[in-house]
Amino acid sequence: MLFYLFKRITSLIATLVVASLVVFTVIEVVPGDPASYMLGMNASEDTVQALKTELGLNQGRIPRYFGWVSGMLRGDFGTSYTYRTPVADMVSERLMVSLPLALSALTLAIVLAFPAGLLAASRRGGAVDSIVMAITQLGVAIPNFWFAMWLVLLFAIKWQWFSAGGFPGWDIGFWGGMKALTLPAIALALPQASILARVLRSSLLDVLNEDYVRTARAKGLTRRQALWRHALRNAMIPVLTIIGLQFSFLLAGAIIIENVFFLPGLGRLIFQSIAQRDLIVVESVIMLLVFAVVLVTFLVDIAYAWVDPRMRRGH
Amino acid sequence: MKFFTRSVTSLMLAAVFSGSALAAKTDITIGMALEPPNLDPTGGAAAAIDEVVYANIFEGLTRFGADGSVNPALASEWAIEEEGKRYVFTLQSGVKYHDGADFTAEDVKFSLDRARGEDSTNAQKGLFANITDVEVIDDTTVAVNLENPDGNLLFNLAWGDAIILDSASAETAATAPVGTGPFKFSNWVQGDRIDIERNPDYWGEAVALEKATFKFISEPTAAFAALMAGDVDAFPNYPAPENLPQLEADPRFSVVLGSTEGETILSMNNKSEALSDVRVRKAIAHAIDRQAIIDGAMFGYGTPIGSHFAPHHPSYLDLTGNSPFDQDAARALLKEAGVEGDLTLSLKLPPPAYARRGGEIIAAQLREVGIDTEIENVEWAQWLEQVFKGKDFDLTIVSHTEPLDIGIYARDDYYFQYDNPNFKELIGAFNVETDPEQRDVMLKQAQTMVSEDYVNGFLFQLAKTGVANNKIEGLWANQPTQANDLTGVSWTD
Amino acid sequence: MPLLTLTDVTVSIHGTPILKNLNTSLEAGQVMGVIGESGSGKSMTALAIMGLLPTGSTLTGRIQFDNLTLNELDEAARCTVCGDDIGMVFQEPMTALNPVHTIGQQVIECIRLHQSVSAKEAKAMAMDTLTRCGLPPDQFPLSRYPHELSGGQRQRVVIAMAVALKPKLLIADEPTTALDVTTQAEILDLLRSLQQENHMALMLISHDLAVVAGMADHVVIMKDGEIVEQGPIVPVFKELKHPYTQSLFKASDHVPEQLSVSERASARDRSVTDDASALLEVTNLVCEYPIARRGWFGKAGKFRAVDDVSFTVRAGESVGLVGESGCGKSTLTRAILGLMSAASGRIEVNGQNINEGISVLRHVQVVFQDPYGSFNPRHKVSRLVAEPLNVLDTQPTREQRHQQVTQMLESVGLHASDADKYIHEFSGGQRQRIAIARALIIRPALIVLDEAVSALDVSVRATVLDLLASLAASHGLAYLFISHDLSVVRNVTDRVLVMRAGKIVEQGNTLDVFNNPSHEYTQKLVASVPRLPDYTHASVNSF
Amino acid sequence: MASTTRKRFRNLVPGAFLVVLFFGAAIVSFFYTPFDVETLNIKQRMLTPNAVNWLGTDHFGRDILSMLMVGARTSLAVAFIAVGIGLLFGVPLGLMAASYRGGWIDEFIMRGNDLVFAFPALVIAIMITAVFGPGAVNAIIAIGIFNIPVFARLTRGASLSLWNREFIMAARVAGKNSARISIEHILPNITNLLIVQGTIQFSLGILAEAGLSYVGLGAQPPTPSWGRMLADSQTLTTIAPHLALFPGMVIVLTVLGLNLLGDGLRDWLDPRLRRER
C-alpha cells in the first residue's frame, strides 16, 4: 500500500510539473498586456514601461517560470497585477465561495441522486423507474445556466425569496451565506444529480446481474436486502468516479453559473483575470484547479480501495 | 496550502459568528456595475476606482461639483501669477489623514511629483506634463510653476488622478486607501462590496451618512433583482436600460436621467486604406441611423451627437445636421469613392452593451448601403492591445468618458489617427488661452472641424441612467466626472 | 411423502417456453442427478425451485417442498425457506462470492439471516461450518476476501454458506464444471460426505454423466426443457431405453472411428520410424511474464510460466498436452503460435524458427476453445475462413479464394452457401467446423487444437472429434491437442505430455501414460477423472 | 415479441425524430427562412408570439423562428465538428495505445490523456478563446480538444478487451500486423460504441457551445447561434421571457433527442440485447 501510494504520488507530481509547463507556455502567448490594460487609454508608453518593470513583466521567461513555481511551492502565489493583492489571499477569499458552493451542489446532487437511482434500480421497468429516467433525461439536457435564469426569475424577482446574485460574505452568518448559494447550488446540482442517478441506476442494474447477488438471494435475502447489502457497495466504483469528476467540475466549471448569479468564486476570478490579462492569477488558479483535479482523482483511487478490497493489493 | 487551511478555518468561524446588521437610515448601499481592481486612483485607469474613492475618501486641491464646475477642495483659494505660469495655492489648515497624519504642503509636492515623475504609473500623466516644478512655500502654501500658461490647470487638478496622498501611505493606497475625505475605508469583500464609514475628524462640513456600501453587480438581472429586493438603495449608473421603464413604474424608485461625459462614437481608423478617404467616412456617417442605435442598444436612453462634444457643455453646437441618416447619400458617396458594394471593414467591439449591441445594429445598417463588416468581440485588454495601441482595426465603438476631451483629436498617433495640423494648432492655442470667450469660440471651431472632417461616426452621448430610492436626495444627476460623491447624500426620513 | 415434488412445472420467459411439464420428486436424504446438455433447462429448474427465475418469467404447476408450495409463497416467506431449509451451490465459484465482503461475513450473514443467534455464536458456527468444508480458520481466517482464495477454496465457501444451517435439500448446479479435475474430485468428495453426515437430499445438476454416476441414486435426464427419462440410476443407465440417453452415453466416451487405438498404434509406429519428419521441435523453451514490482526495493519480478520445456511433434502425429489451469499450457500454445516471444529456447517448425516472419505460419494453424469468441462477428464466413491466406506470398485471386473457401467449408461438412452468412447464424459445433476450415485453408502440416472441443456438448463434441480424425487421415495432419479433459485426450491422441507448473512432468505413449502413470502427479490426475462404471453387468436391484 | 420490439425503439424513435427535426431545420434554413435574419427592425422588437412571427421577435426585431433555424446550423456544426475532431484524433490514439498495450507508447498516450483530463475544460476553452479570439472555429477547437481523450480512452478500453479475444489471435496467426488488425478487426467491433459515445459527446458539445456562447466566447455576431440568443436575452428575461424560452427549449430538445438517440442506438446495436430480447 505504501509503495502504491508512493507510485501514485510520483505520477501526481509529474502531472503537476507537466501541467505547470503547459499552463505557463499557453499563458505566455495570450495576447494583451496587463500594464496597458491597467493604465487605460490615456497612458503614455513610458508609464506603461514603468508599470511593467514594477510588475516584473520585463524579466525573461525562464526566471519568471522558476520564480512562479518556487513561489507556489512556498505558498506564495505572487501578487495580482490588477488587484495588487497577494494571489493566495484572493484565491482563499474566492475559495470561500467556490468550495461551499461546490460542496453544497455536490451534496444536493448526491442527496437527490441516491434515492432516485436506488428506487429506479429496485423497481426496474416500473412506473417509478420510468418517471426517474424521464426526469433525469431532461435534467441532463437542460443547460444549467438557462435553468438558473428561470430560478432567478421566479425565486428572486417574482417571489423574492432569495437574492438574485452576489455574495454577502460569511461574516453576515452561515445561513445568510448559504442563502446566497442556494439557487446557484440548485442550478448546478440538477444536471449533476441527473447524471449521478443514471450512473447509479445502471451500475446497480449491472451489479444486480452478478452471480454473487444471485448467491445472496439464494441465501434467503430479499430483493431489497440483496440490493442494500450486496449490490450497493459494489455499484459504488463507477459512482465514486463520477462524484470525483463532478467535484472537480463544480469547483471550476461553475464559471457560467457564477456569472449568472454574480458570485465572487474561483470561476469568475479566472474569467475576469483572463479579460484583465491578470496572468499571474490565471496561471495560479489554473494550477490550483489542476492540483484539485489530480488530488480528487487520487482520493477517489483511495476510496476505491476502501470500497473494494481487491484494489488494496496495489494495482 | 496556507491559504487553503485559512479559508477553511475562516469558513468555520463564519459559521460560528452569525449576526446581522441593523439597517438604519444613515446607511446607504450603492450599486455599481463594475468592481474597481484596486483603490488607488493615481495608479490605474479604471473608472470604478474613482466611483468609490473620489470625493469620498480622497480629495485633490480642486474638485468637480455636481454641475461640472471646478470648486476648491484641499486648496481653499489660489492666485494665478506670472501671466498664468504660476499658481499659488493656499491649503486648508487642520486637515488630517484618516490615519491621523497631518496634511501639509509637502504632501502636495509629493503627490504631484509622484504623478508626473519618470517612473510614474499614473494613467493620466499627460495632465501634469506642463508642470515644471512644485514649490513648497510654507506648510499651507504651495506654488505650481508651469512651462506655458495653462487655462486647464485647475480643471486638471480636479481629476481623480490628481488627488493628494500622504507619502507614508501612498504605497498601500491600492488596497488600504488613506485619504483626507469625509469617509474612510473600512472593508473590502472582493467580488462583492466595499464598505466606507464616516470620518469623524473630517475638516469640512460633516456628512449625513454614517456608513456607505458599494455593492458590485454587473449582471443586469441581478441588479434589477437587487433593487427590487431592497438590497441596493441606489444604482447611480444602472447597467440595463431595458429595465428602466419597469423601475420607473415602481413608486418606490425614481429614475434620474442625466448626462455623462461619454461621447459614444464609431471610431474609424483614418489611416486605414478605405477610411482615409473622407467620402467613405462621410458615407458611413450617413448610413448610420442614430435613433435606431439609441433605441436598439440603449432602449431610448441617449442624446444624438454630431461631433465629439457633450451636449450639456455651454460651448456645445448641435452638428447632427452634418450627418443625417441618408442611405442614398451614403451609397452615392461610396460610388463616388469607387468602393461601392466591395468594401469589407473590421468592426472590433469591446464588452459594454452599447458597443456589442450597437455594433450589431451598425453592422446591419452598413450592410444596407453595401458595406460588409467583420465583427469581432474583444475584451478590454485585447482592445487596448489591438485597437488602441496596435491600430489594427477599421471600425470600433467606444465611449470616451473623460470630460472635455476633444483635445485627443490633436494628439500625435492617437488610435483613430486623425492627424490634422490645423486642428493641432487650434488646440495648441486653446490650451494657452485663458479668456473664457475666446475659449468658447475655439471649442466651437474644434467641434465643427471634427464634425466636418467626419473623423469618426458620432453616435450619441451616453445617458446617466440613475435609479434610486425615492427617499434619497443629494446624488449627482449628471456625471461631470466618474464619481459617486456621497458628501451631500441623505435620507429624507 | 417425498421432500420435493415438482408437478406439471412449466416456465416460460417472455412467452418463450423454457420448461415443459416437469414431474419429478426427490425423497429426503436421497441424491438426484439431473443430466442434460446446455439449453436443456436443468439450471432453470433449480432456479425455479429457489424462486430466482429471471424477471419476465411465468411459472405454472406446483413445486412442493415439505408441506410448502414454494411457487405460491410471497417473497418474505420464500426467503425464510431459501438458505435455511434449501441451500444452493452455483457453477462459477469465481463470481459467486461478493468480492467486497470477507468470507466470514458472507457465511455469518447466512446464519444470522435465519437464526437469531448472537454475533459470537454465529461466528463460531461459521468457523465450524468452514472447518467441515475443509477451510479451517487457522489456515483460512474469516477475514479473508474471496479474491485471496483459489477457485476450489471459493467453492468450499459457497458450499459452507449453503450447508451452514444443515438444510434438508442442497441444490448443486454444475458445482465442479469450472474446476480442475483434481479439485473436482475433492469437491465431489466433500459434497458426498456432507450429504451423508447431515442426511440431506442433494440435487446434483451436471452435464457430465460420470460425475452424476458416482453420486446419484436417482437420475433425471433432460432435453429441451423436458424430462426425457428418469428413475433409479442403475436401471436407467443399464437399460438405456430412451434413445437420447443412449446417445449421451455413447458420446461421452467417444472414440473417433477412423482412428481406433489399434490404427493409432500403427500410425505411431510409422512416425517413429520416420525421425526426419520432426514437424514441431520445441527445445528448452522458457517463457516469462513480468510481474509488477512489489515494495520499495522489490525487483521487477518475473513469473516463469513455461520452464525448460522440450518436445517434438512429428508429421501426421496426434500429441496431447494435458494439465490443470495455470500449468502454463496456454502460454506454451501462444509461444508455439508465435504470439509471444520466448525468454530462451527455440521453437522450430519444419526447421524454421517460429519468429522468422509470417511464412512459418503456413505450416501451423490453430483452433481455439471458444466457438463464440474466435470469430470477428462483423465479417462474413467467406472472409473469416480466407483470413490465413494472408500468409501466402502471392495472394490468390478473388476467384481462387472463393473456390478454396467453398472447398474448405464442404470438407468440414458445411455448405458453400454458408460463406455468405455471418457467424452468429451458426451453432457452437458449426462454428468449430468453420474454425477448422479456417485453419485448414492454407494446408498446414500442424494444427494446434487449444481446448478446441471443451466448450461443446458431448454429442456435438463427438461429431467434431470424428471430423478431426477424418481430416487427419485425409490431409496427413498432425495435431497438438491441448486440453484439461483427460478422457478426450486419451481417446484421440497417440502421445501425451503432462504439464505442471511450467514443466513437462511426464510424456509418452498415451495409453501407457494413462494406464501406467509413472509420475505422482499424473497418477493423481488420472485417478481424479470421474469414470462411468460399467453398468452392463450391474444388477438392477443392487441399491 | 411485439412488446420487446417496441421497447427497443422506445428511445430510438423519439430521439431520431428530434434530431432529424433540428438537423432538418438547419438544412432548410439554407434555402428558406420565414424572415431574413440579417435585417433588423428595431420598431418591431420583442413582439410576443403572433400570427406573423410564430415565436415572436427578438430585441432587434428579428424573427425568432428564423433565428432558431439559422442558429441551428452554428450550434449543430460546432458540436458535430468537435465530435469529428475527437474521433479523428482520439480513435487512432486509442487504437495505437491498445495495440502497444503495456508499452511506452501506451503509457505516453494515456498519461497525455490524464493530463488533458486534469485541466478544467471550460477554463481551457476560455483560455483558447482568449489566445485566439472568440469565434465558432475556436469554440470547435476548444470543445474538440476535450473530446480527444474521451474517444482515446473509450477506444483503448474497448480495444484492450478485444485484443484478448481469440479472433484477434486467429488474425495474428494469419500473420496480420497490429495496424492491420486494428483496422480490420478492432475498429469494426467498436464502431457501435463510438457511435453511441459520439451522440453523447455531440449533445455535450451542444451544451458546451451554448455555454461558451453564453459567456460571449462562441459564435460571433451577426452569426446567430442558440447560445448567443440566450446570452442576448439574458438581461431581457424580466420584460420578454420568450426571448430566453425558445432558444433554451430548442437546446433542451436537441440534447434530449441526441441522448435518446444514443440510448436507442445502444439498445439497437447491442448484439447482446438483440439476442436476448
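So that you can tell them apart, the chains are marked A, B, C and D in the order they are listed, and the count of residues begins at 1 in each.
Here, a contact is a pair of C-beta atoms (placed from the backbone, for glycine too) under 8 Å apart; a residue touches a chain by one contact, two chains touch by 3 or more.
Please read these numbers as outputs of a predicted model, since none were measured by experiment.
Out of curiosity, which chains are bumping into both chain A and chain C?
Intersection of chain A and chain C contact lists gives D.
Looking at contacts between chains, which pair has the highest count of C-beta pairs?
A-B
Once you find the CA centre of chain B and the CA centre of chain C, what distance in Å lies between them?
86
Report the inter-centroid distance (CA atoms only) between chain A and chain D in whole Å.
Each chain reduced to its C-alpha mean, chain A and chain D end up 22 Å apart.
What is the distance in Å between the mean C-alpha positions of chain B and chain D?
About 44 Å separates the centre of chain B from that of chain D.
How many angstrom lie between the CA centroids of chain C and chain D, rounded to a whole number?
The answer is 47 Å.
Pull out every residue in chain A that's touching 2 or more other chains.
31-32, 149, 152-153, 157, 259-260, 274-275
Could you pull out the residues of chain D that touch at least 2 other chains?
Only 130, 234, 237-238 qualify.
Taking each residue of chain B in turn, which ones touch at least two of the other chains?
Correct list: 219, 221, 224, 351, 379, 382.
Which chain pairs here would you call touching?
A-B, A-C, A-D, B-D, C-D
If we count contacts the way the header does, which residues on chain A are in touch with chain D in the complex?
Listed in rising order, the residues of chain A that touch chain D are 11, 14-15, 18-19, 22, 26-27, 29-32, 137-138, 140-143, 145-146, 149, 152-153, 157, 248-249, 251-253, 255-256, 259-260, 267, 270-271, 274-275, 282, 286, 289-290, 293-294, 297.
Taking the complex as given, what residues does chain A use to touch chain B?
These residues of chain A touch chain B: 31-34, 36-44, 46-47, 50-51, 53-54, 75, 77, 82-85, 88-97, 99-100, 149, 152-153, 156-157, 160, 163-177, 259-265, 268-269, 274-277.
Could you pull out which chain D residues touch chain C in their complex?
1, 4, 165-167, 169-176, 184-185, 188-189, 271, 275, 277
Would you tell me which residues of chain B are touching chain D in their complex?
By the definition above, chain B touches chain D via 219-221, 224, 240, 242-243, 245-246, 292, 295-296, 351, 353, 356-357, 359-361, 363-365, 367, 375-379, 382.
Which positions of chain D touch chain A when the two form their complex?
Its residues touching chain A are 111, 114-115, 117-123, 126-127, 130-131, 203, 207, 210-211, 214-215, 230, 234, 237-238, 241, 244, 248, 251-253, 255-256, 259-260.
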